[in-house]
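Structure, as structure tokens:
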Amino acid sequence: MKKQQILQWLQAFATEIEQNKDYLTQLDAAIGDADHGMNMSRGFQKATASLASVADKDIGTILKTVSMTLISSVGGASGPLYGTFFLRASTVITGKHELTEEDMLEMLQAGLDGVLQRGKAQLGDKTMIDVLSPAVTAFSQAVGEGKGMHEAMQLAVAKAEQSMKNTIPMIAKKGRASYLGERSVGNQDPGATSSYLMLKCLLETL
Amino acid sequence: MKKQQILQWLQAFATEIEQNKDYLTQLDAAIGDADHGMNMSRGFQKATASLASVADKDIGTILKTVSMTLISSVGGASGPLYGTFFLRASTVITGKHELTEEDMLEMLQAGLDGVLQRGKAQLGDKTMIDVLSPAVTAFSQAVGEGKGMHEAMQLAVAKAEQSMKNTIPMIAKKGRASYLGERSVGNQDPGATSSYLMLKCLLETL
Amino acid sequence: MKKLINAPVDFVRESLEGMAVAHPDLIKVHHDPTFIYRTDAPKHGKVAIVSGGGSGHEPMHGGFVGIGMLDAACPGEVFTSPTPDQMLEAAKKVDGGAGILYIVKNYSGDIMNFEMATELARSEGIRVLNILIDDDVAVKDSLYTQGRRGVGTTVLAEKICGAATEQGYDLQRVASLCRRVNLNGRSMGIALTSCTVPAKGTPTFALGDREVEMGIGIHGEPGRERMSIKSADEIAQMLAMSIIEDISYSRTVREWDEDKGEWVDVELMNHAFEKGDKVLAFVNSMGGTPLSELYIIYRQLVEVCEKHSLQIVRNLIGPYMTSLDMQGCSITLLKLDDEMIQLWDAPVKTPSLRWGI
Amino acid sequence: MKKLINAPVDFVRESLEGMAVAHPDLIKVHHDPTFIYRTDAPKHGKVAIVSGGGSGHEPMHGGFVGIGMLDAACPGEVFTSPTPDQMLEAAKKVDGGAGILYIVKNYSGDIMNFEMATELARSEGIRVLNILIDDDVAVKDSLYTQGRRGVGTTVLAEKICGAATEQGYDLQRVASLCRRVNLNGRSMGIALTSCTVPAKGTPTFALGDREVEMGIGIHGEPGRERMSIKSADEIAQMLAMSIIEDISYSRTVREWDEDKGEWVDVELMNHAFEKGDKVLAFVNSMGGTPLSELYIIYRQLVEVCEKHSLQIVRNLIGPYMTSLDMQGCSITLLKLDDEMIQLWDAPVKTPSLRWGI
């Protein structure tokens, strides 16, 4: 994956968020505080605006810039989580202008680990982890089986979509939805949804 | 008119108010503060409850008791106005146990004068004066023409009903409705309405 | 209707009972007739200030009873003037021998009941004067009508005159001060939603999802004009401008004349604001509008005042004179002089207004 | 949606600008990043208290910045935790050399952002400790979950700890005091209506005309249970009893360990209330509920506390921690000891809480 595609991906994700802003907020209204769409929109509008100044830098610098913008402009839970995702992702690919399948895997895995460490959520807690973790596993497996970038990402995104829907019956254990206990059942997690959209845009840019 | 009928009248008016409580309040909501029905109800419930203790006294004492109860329990504009009406009415018939047409005229006239003095409203200001004043005039005229109590009161109540409706197109100049200026046009005055009901009950008790 | 109440008929009494147990150090509540008074009343030799009006405007007036403000307050039923016996008993309870000032808002009910109370108190040998507050510029006419409603300036007059009584002003001097405060104050309000009177159970008026009532009072009475909602800045400008552009206003009010021993008609005149005036800016919530929005209104009010060379030297921002759960706000501008500033700054300790002590 | 706002995106900034011009003697507002701080900061040698959280809870926290309470507050977007750079810059601005206490409400966003800020501040050589407030008994589980939300006790902790810093408590001592306040406080809230977030423009949840949400937080998040409306007395009883009957509650929280120089898990335990406990009773409006109704709730709360031999020795009644325009209320009971009482009574002078000065 070329640097240009990384920039396209971030741009596409920002656009996707704008299109799904109300939808994400609606999901958050049901089991949270009705701001996930706004939070993501605020962050990625600023993040993409900051890309121009680093477009000629390496992918690591680009992702780090995104990370810093998210951390200082989003707030809430998604700010530090997505911020940490991009921060950790950036550190393992410093200096690169193109990513192999292995780079991509390392990047996604580092991002996921960062989110796990920052948020302390586990699989099944009804958070973005429930999309990111199975998707990274699927990608890892596909790459292990020698599949190419596109096919591996296709499998990862299919898994992500399925996993996003799997959050519906879960009882939330982390984040705001956890205050609802049993009442969180029956609603799809907003953060899981935005994480799926992020991966979907990544696939579409490949 | 016998003392017993005076007691019946007061009782009937209290019942009439209960039945029209929401209606009076609704009229007051349109151009006032939505409490005229409640105010009248509170006052006349208490007033009729206090009648037992003075039922064997003269009409003057009975009306004075009603007056005192109204003054100390209604508040608002209607408290002092109806309170004053009954207070002044009571003073001109002290000691009586039965009222002639002339007594009745004197009583109503004294009540009206009291309301005029207390409230400083004039004919056409869209208040209870616009019912009381024409009704008393009609009664006076009928009595002057030698009509009996019942017929004279019938004429007075017919006039009162017409006058009540005549308040609809008026611009309020006194009371809360006056703050509305032109916007008070098109609504029947709540106090005029309760005054009509008072006279109607008086007629029905004769 | 959804409210945190029990039976609507118990609303006023239970709220007062809650208030009494909440602030026993400051106030006591008397029932039958109902009034709230300073725990340490009567204060010997001090003029006592008594106000009152319908309930539903909390914290006004009961929340302003205490040191440096009111000596007693008489709450009526919701939006209904209290009765003369409440006012009389309150006056008797707090009379420290130096007389009583009744601060009365200009509503026909309040006026008539306070006038009757004044007559009763006078006949019992208590010195009482009454001063009317009529500051609502939403009401335009004055000739032959009820004139302007008493709204936001009431709170400011109660604070300023309360401080004056603590500083030893005599009755006549407090009364003229109160009259002066009233003549220096003007208010204008807007409603975004109607209030719901507990006993009625439904909103007093119906407003569409994009409609507001401009020029409302504090009793759910309709305003001067219904219009579609505007931005906070536009609303603040409209409210402020109707105050600032209000021309001199004269009317006749009834006050008790102690020398003559009777009611006399007094001709009063508000003078329009002038460039350079020092003002107190009061942004008041009607009950359901949160503080965050009041600050947005205040922000624009500062700009409007600057533009018109009015110098805001004091402010008050919050829910001080409400209309039950109504959403909306009012702006009051009060022209201040040095005496009034010093009295405004003086210590006050009441359930709902407190500083310096 | 009808609100006194301009463009929803400007809501927080404009409200803060209004606040800044309203109280220049007490606070200043810094933009980019946004924080509110004491005009006289830094106070040399004094521990500084910094709190923060999403906006929409006004006056919390910004309205509590001033003498005897917070040194700085970091407001996020509506209902959205502020960001680490706000917290870091606020800490730098108010650091008087004696260290900073971050008071953090237990929400995943707030925790993560404050943890990042703590790490950043520490790396810049500023001594920072963080104490979590998690007092909402509506949230039952603690094992493996986020645990309880931070609500009403936050306001009380800010007042008490702020007073302690004025009296010279060092950082560790203020931190333990804050932890103790949190362990002594419990809250429960109810919503009669949903709030409307300006940027969303429609109510977060829909409640029927006779429905209420029991056990809500302060962000329009749904509560534990939807039920039909009850009388104020029943509601007060339900809120109070869920607090009084709450058994001892333990959980693990992360605090910074200064000796180890790293985050450590600390096991904390609230003990259930006991007969004879002295308590502070805090009845809070969610923003749209007027004072009159709060007093009706307080009246019943006093009876419930008497029945359970809890002695109310202090109270606070009003809109102090709101959820925009939501109608409803919360009750907080805080077990007091003599030290806490003295600190509660100590002078405070902020835009929204003031006494003794």
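Order as written gives the chain letters A, B, C and D; numbering starts at 1 within each chain.
Following the convention adopted for this analysis, a residue touches a chain if its C-beta (ideal position, glycine included) is under 8 Å from a C-beta of that chain, and two chains touch if they have at least 3 such contacts.
Quantities reported herein were computed from a predicted structural model and do not represent experimental measurements.
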Note to self: I'd like to verify one number: the distance from the centre of subunit B to the centre of subunit C, where each centre is the average of its C-alpha atoms, in whole angstrom.
What the structure shows: 31
Next item on the list: Between subunit A and subunit B, tell me the centre distance in angstrom, where each centre is the average of that chain's C-alpha atoms.
Entry: 75
Notebook entry, point to check: Centre to centre, by mean C-alpha position, how many angstrom separate subunit B and subunit D?
Noted result: 56
Check: Among the residues of subunit D, which ones contact at least 2 other chains?
Finding: none
Check: Counting only residues that touch at least 2 other chains, which ones in subunit B make the list?
Finding: none
Notebook entry, point to check: Looking only at which chains touch which, which shape fits best: line, ring, star, complete or other?
Noted result: line
Notebook entry, point to check: Between which chains does touch occur?
Noted result: A-D, B-C, C-D
Note to self: Touching residues of subunit A toward subunit D in the complex: what are they?
What the structure shows: 25, 29-35, 38-39, 42, 71-81, 118-119, 122, 125, 173-176, 178-181, 183
Margin query: Quick check: in the complex, which residue numbers of subunit D touch subunit C?
Written below: 2-7, 11, 14-19, 21-22, 55-56, 58-59, 63, 192-193, 209-210, 212, 229, 231-233, 235, 287-299, 302, 315, 317, 319, 322, 324-325, 327-329, 349, 352, 354-357
Note to self: Per the contact definition, I'd like the list of subunit D residues that touch subunit A in the complex.
What the structure shows: 33, 54, 76-85, 107-109, 112-113, 116, 136, 138-141, 144-146, 149, 197, 199-200, 204-205, 217, 219-222, 224
